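Labels run A, B, C and D following the written order; every chain starts at residue 1.
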Amino acid sequence: MEMLVVNNLYKSFGGVKAVSNINMKIEEGQIVGLIGPNGAGKTTFFNLLTGIYSPSSGDIVYKLNQEISSINFRPSRMVKYGVARTFQNIRLFKEMTVLENVLIGYHNNFKYNLFTSLFRLPGYYKHEDEAYDEVVELLKTFNLYDKKDVLAKNLPYGEQRKVEIARALASKPKLLLLDEPAAGMNPQETRELTELIQWIREEFDLTVILIEHDMSLVMDLCDDIIVFNYGTLLARGTPEEIQNNPEVIKAYLGGE
Amino acid sequence: MKILTKKNIYTLVLVLLIYFLVLLLSNVGIIDSYIQLNMVIVGINIILAVSLNLITGFTGQFSLGHAAFMAIGAYASGIMTAKLGQPFIVGVAVAALSASLAGLLIGIPTLRLRGDYLAIATLGFGEIIKIIGLNNDYVGGAIGLNDIPRYTNWTWLYFSVIATIFIISNFVKSYHGRACISIREDEIAAEAMGVNTTYYKILAFVIGAFFAGIAGALYANYFYFIKPDTFGFMKSIDILVIVVFGGMGSITGSIVGAVILSVISSFLQGFPELRMVIYAVILFLIMVYRPQGVMGDKEFKLFNKEGGLSGNVSSK
Amino acid sequence: MEHFIQQIVNGISLGSIYALMALGYTMVYGIIKLINFAHGEIYMVGAYIGYALTTFFNFGFFPALILSMILTSLLGVVIEKVAYKPMRNSTRIAALITAIAVSMFLQYGMMYFVTPQTRSYPNILPDIQVSLFGTNAVVDIRNIYILTVTIVLMLLLQYVIHKTKTGKAMRAVALDGDASQLMGIDMNKTISYTFAIGSALAGAAGVLVGIYYNTINPLMGAVPGLKAFIAAVIGGIGVIPGAVFGGFFLGVTETVVSALGGSLYKDAVAFAILILVLLIKPNGIFGSNQREKV
Amino acid sequence: MKKVVSVFLVLIMVASLVVGCSSDSGQGSGDADTIKVGLNYELSGNVASYGTDLSDGIEMAIEEINKNGGVLGKQIEVIKMDNTSDSAEAANISERLITRENVVTILGPATSGNTKGALPPAEQHGVPLVSASATADDVTVDSNGKVRDYVFKTCFSDSYQGVTMANFAYNDLGLKNAAILVENTSDYSIGIQNSFIEEFTKLGGKIVAEEAYQSKETDFRAVLTNIRAANPEVLLVPGYYEEVGLIIKQARELGIDVPILGGDGYDSPEILDLAGADALNDVYYSNHYSPMDTSEEVVAFRNAFKEKFGREPGAFHAMGYDLGYFFADAVERAGEASPEKIRDAMAETVDFKGITGTLSIDENHNPVKAVTILELVNGEPKFLKKLEP
C-alpha cells in the first residue's frame, strides 16, 4: 500500500529552485533512505513534507488514517496526521528535562481538557500517569530512563539525537522522518542506532524516511534509496542498484 | 485518591492556618493598617508578576503591556462598583473577563511577532489603552475615577493570590503548560511535535490577562482612586522587573521578587531625593550579578514528596 | 491650503528630531540587538550640555552643538563599557532592564543635580519668521537650521558607514558578530564607535530641541526616545535610510493627525501605525525579511 | 504547586513585619520635644517639578518658623517622603507617615490625583491632610457631597478659576468666540476647561475650537494651526507655565494674536524665559496674588527665597511657603499638637494672612480667598482687578 504520493513538486525561494519536479510514491512499512550531496534539497523536501514550507507548485498527498493533501498541511497538524520528524540541527527543548521533552512529543495524545488542567481535577492525575508510564517505557527502550530528569542541553550529542527520535515516536506516528540521525555519532553509536531504527520499525509498525550521509548506515538499513541532486530526483532503487548507478557515482564524485 | 496526599493536606492546612492567623493578628491590632496596605501592594504585585511570568517567563512571549490588562481590570471593576453599584464579585468577574478579552486581542500580534518586536507592539498596545482611558469622559479621563468603594480586604486579597498561584502553577505543570514552555524553548520544534503554538500563545495571554484584571480590580477597590497614568509603561516595567528579578519561569521566584522589591521600595521611601537613583543602581547591580534572577527557573519547595518539611530548592 | 502647508512644515521639523534620534537607536540595535532605552536620556544630557555651554560660557550655536556631540559620544561609550558590556551574554530581557536602569539613573541623577524644573535656552539663533510663498504659513529660521543640520549629519553618517573602514566594520558586526570577529574585526572597538556615533547624534538632537523649543527638563528624553524607537522600527531597524524615513513619517503623521482634530489620539495613532507596520511587515518598511533556518 | 503557595505566605508575612518594624524608630519619642509634620510629595516621576517646588517652599517656611522659636515652644520636624507621582504610593506614604512616623498633619501631595490617593488613610486615622495645589473639587468633598472631615485645601477649586475667567472673557473683554487648548493629561487643566465651557456657554459665548496637548510636549504648532483656522476671539489655555510658555510663543509665531487666558499655573518667572517678552502681551490669568505686590511680607519672602535658592520664586514656592505657615498657625491656635485639635483649628481658620493673600476656610474645607486677575505686559504681570469672594 502506498502511503505517500508526491506529484510534480516544485519549491523555489526568490527564483532559485530548491526542489523541482519531484514525483514519487512510498510504500507502507519501508525504510527509505534519502541521499544526495549537500544542497541537493533534501532538508527542503522534508520541510515540504512537514508543512514548514508550502509547495510552489505540485502537491504531496498522505494516505494514512485519512487522505490529506499539502494544501492542508500545517506544521502543528502533521503529528495529528501521523507524521513526525527530527531535525538536522537538533532542536530539543534545551531547558526541559528528557522526560518533559518526550512528553511534548506525546502532546496530541493527551485527552484531558483545559479546565481539568487549571483546577487539577481527577482526570489530570489519571492521564498524566498514563502518559508518564508510556513515556517511561519508551525511554527505557532508548536506554534513557536513568537520564529522564537531566536537562536536554546537558546530554552528550549522541543521546540528544536519541531523545529527539524518542520525542518523535511519542507522538505515535505512522511515518517517521529522520534528518541525519547519525550525524555526530561515533561508529559504535551509529551501529546501535541502526539496530534501534530497525527495531522501532518492527515494534511500532512504521514507515521511515531518513536523510543520511553515512553510507554504511543507509546501505545496511534501507529497503529503498532515493538520490537527490540539484533539487531533482536523480535515481531510485535498492542499495545494490544505487551503488552501481553511474549517474549517482558521478554526482557524488563530482564532475567526470 | 492522589489529591489527598499528605503534601496536599499539609498545604491546605497551612493555607488556612495563615489565613486565620493574619485575620486574628489584624483584629488584635498587631497587623495594623500600614502593614495591611503593604500586604495589599505585595499581594497585587504577586498576582501581576505570576501572571506575567506565565506569558513571558514560561511561554517566552516578551510583553511590555501587562499594566494595560491591570488598567482594564481596574476600570472595569471601578465602573461596576462605583458607577453601577454592583457588588464586588461582579466587579472582579467583569474585570477578569474584560482583561482576558483584551488578552485575546493582544495575543493576535504574537502570531507574527516575536522578541523585541513583540515587546514594542505590546508596549504600544499598553499606551493605546492608557490614551483611551485619558480621553474617556465616562471614567473621568485624566481626572481619574474617584470614590470607588473599598471592598478589597484580607479575604479577597489572600484567596485571589492563592487562586492565581494555584491555577497558574497547575497550568504550567499540565500538558498545556508544557506546551507553552516548549514554545519558549523552540517554536519550530514545538510545532513539529503537534503543539498548536498559535493557540497556546494566545491562551497564555488570555490567562495572564485574566489574573492581571483581577489584580486591577483589587487595586481599584482598595485605593479608592484610579487614573490612567498609574497604568503606564513604567508600571509594566515594574512588573517585568519583579519577574526577571525573581527568575523567569519560577513562580516562587515571582513571589520572592514581589516581596523583596516591596521591601526595597519601602526602605527607599526614607531617601526622598535619591530614591529613584538608588533604585536604578540596585536594579543595575541585580542584573549584572544575578541576571537569571533570585531563583533562576527553580522552585522553592517547602515540603518534599512524602510531606515532610524539606525546605530545599529543587528543579521543577 | 496654507493650513496644509503649515502642518507639513510643522511635521517636518518634528520629524527631523525623531529622525536624528532614530538613527542612533537603529545603529545601536543593529549592532548589539539591545533596545537602548537610555538613548532618550543621552539626548536629554546633550540638551543640558548645550544649555550649560550657551548660558554659562556664551558659546555660539555651532561650537555648542559640536562640543555637546563630543561629550555625549563619550557618555555613550562610557555607558556601553560600564553597563552594557557586562550584559552582552545575558538574556535579552536582563539587558533591556539594565538599559531601563541606566535610563532611570540618568533621569534622576540629572534631576538631583539640576532640579526637576524646566530651563529655557538663551536665544542664540536669530528669531526670524519667513512666510512661505506669500501665504500665512510661516517657517522659523530655526526650522531651517534643524533641517539643515539633520540632513548634513545624515549624509555624514552615510559616508562614515559606507566609505570608512570603521563603518564597514560596523556593518559587518551588525550582519554577523561572530563571523566578523573571526575576520579580525575588533568587536569592542566597533561597538564603542557605534555608541559614540549614535550618542553624538542624540546629543545633537538634544541641542537642536533645546534651541527650537526653548525648554529642557530631566524627563524630556522619555517620550521622544520612545517615539524615535518607533520611528526606527517602522523604517526597519538597523537600516539607516529606514530610520530617517521613519522619523519624518512619524513626525508628519503626528502633525496630520493633530491637524485633522485628533490631537488627543496622536500617540495612540503612532502606536497603532507601529503595530500595523509590524503585522504587515515584521521587519519594518525597509527591513529585509529574514527566515529562520530549519 | 501548593508548596509554592505556602512559601509566599511565610514570605509575605515576614516581609510585611519587616516593613512595618523597620521604620518604627520614631514611635514613642515623637510626642515631647518636636511637632512632626509629614510631607507627601512628588519628588520623582512626571510631576516632580511641582512637588519639589512645593516642598521647597514648605521647608523654607518651617525653617523660618523654627528659627523664630517654633510653635507652642516646640520645633517642627519635617518628615519628607517621595511618592514617585503614583497615587498608590501616595497612599502608602500617608499610611506610613501616620502610623510609623506619628505625624500630626500631612502636607501634600501636589496634584489632585495623588491627593485623592493619599487622603483615605488621613480620613481613617483622623489626621489632617492639607494640599496647597490639589485643585479638583472632589478632593475635600466626596462624590456624595459629604465633606471629608480631615482634608483641606488652600488653593482655588478648578471650577472657581474656570468660572472667573469665563466671566472675565465674556463681560470684561467682551469676547464671544473662544478656543480652548487643554492639557488632557492634567486634571487641573481639564477641571478649569470644563467649568469655563459651562459658564461661558451659559453666558452666551461659543466655543469654536477644542484642542489638546499632553504634559511635557514641546511642539504645539499642529494644534495651534488648527486653532488659527477656527478664528477665535480669545484662547483659553488652562495649563502650567512649562507648556504654556511654549504655547504662547508658538501661537504668537503662528500669528495668533488674540488674548490668551489661563489660571494660576501661569505664575512662574520661567514663563518669561520660555515665551520671551514680546509674546507675553495680551495674556490674562487668575491668581492668588500679584507677584509684583510690594507689601512687606511678599518682598521679604522674595528676597529670602532668592538668597536661599538663587532664583525668583514661582507660584508653587509661594503656595508651599504659605502652607507651612498655615499649618503652624493652626497648631498655634489649637494650643496642642494633636491631630484632632489641629483639624478643628484648621476648619475654623478665618482671615489667615499669607503672602498669596488672605484666606478663610469654608464649611467645605475649601479656602475663601480673593482672586486676582493679572495681565502680562511685555512679560511683566500687571495687576488688573481683584474679585472679592
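The rule is short, and it goes like this: contacts are C-beta pairs under 8 Å (C-beta built on N, C-alpha and C of every residue); 3 or more make two chains touch, one makes a residue touch a chain.
Please read all numbers here as calculations on a predicted model, not as lab measurements.
When each chain is reduced to the mean of its CA atoms, the one lying nearest the mean of all protein CA atoms is B. Most remote chain with respect to subunit C, judged by CA-atom centres, is A. The largest tally of C-beta contacts between two chains is found for B-D. Look at where the CA atoms of subunit A average out and do the same for subunit B: the two points lie 40 Å apart.
Separation between the centroids of subunit C and subunit D, computed from CA atoms only, is 35 Å. Chain centres here are Cα averages; for subunit A and subunit C they lie 49 Å apart.
Here the spacing of subunit A and subunit D, counted between their Cα centres, is 71 Å. In subunit D, the residues touching two or more other chains are 1, 44, 46, 184. The residues of subunit C that reach two or more other chains are 108, 264, 267, 294, listed in rising order.
In subunit A, the residues that reach two or more other chains under the touch definition are 52, 87, 120. Across the interface of their complex, subunit B is touched by residues 29, 33, 35, 83, 86-87, 90-98, 100-102, 104-105, 107-109, 112, 226, 229-230, 233, 264-265, 267-268, 271-272, 274-275, 278-279, 282, 292, 294 of subunit C.
Taken together, the subunit C residues at the contact with subunit D in this complex read 3, 6-7, 10-11, 13-14, 108, 111, 115-120, 123, 127, 129, 136, 138, 140, 209, 213-215, 217, 219-220, 222-223, 254-256, 258-259, 261, 263-264, 267.
Here subunit B touches subunit D in the complex through residues 7-8, 11-12, 14-15, 18, 22, 31-35, 37-39, 41-43, 46, 134-135, 141-144, 146-147, 150, 161-162, 165-166, 169-170, 173, 219, 223-227, 229-230, 251-252, 255-256, 259-260, 262-263, 266-267, 269-273, 275-276, 299-303, going by the rule given at the top.
Across the complex, subunit C is touched by residues 56, 62, 109, 112-113, 115-117, 119-121, 123-125, 127-128, 131-132, 134-135, 188, 233, 237, 240-241, 244, 248, 273-277, 279-281, 283-284, 287-288, 291-292 of subunit B. In the complex of the two chains, the subunit B residues touching subunit A come out as 1-3, 167, 170-171, 174-179, 181-182, 185-186, 188-198, 203, 249, 297, 315.
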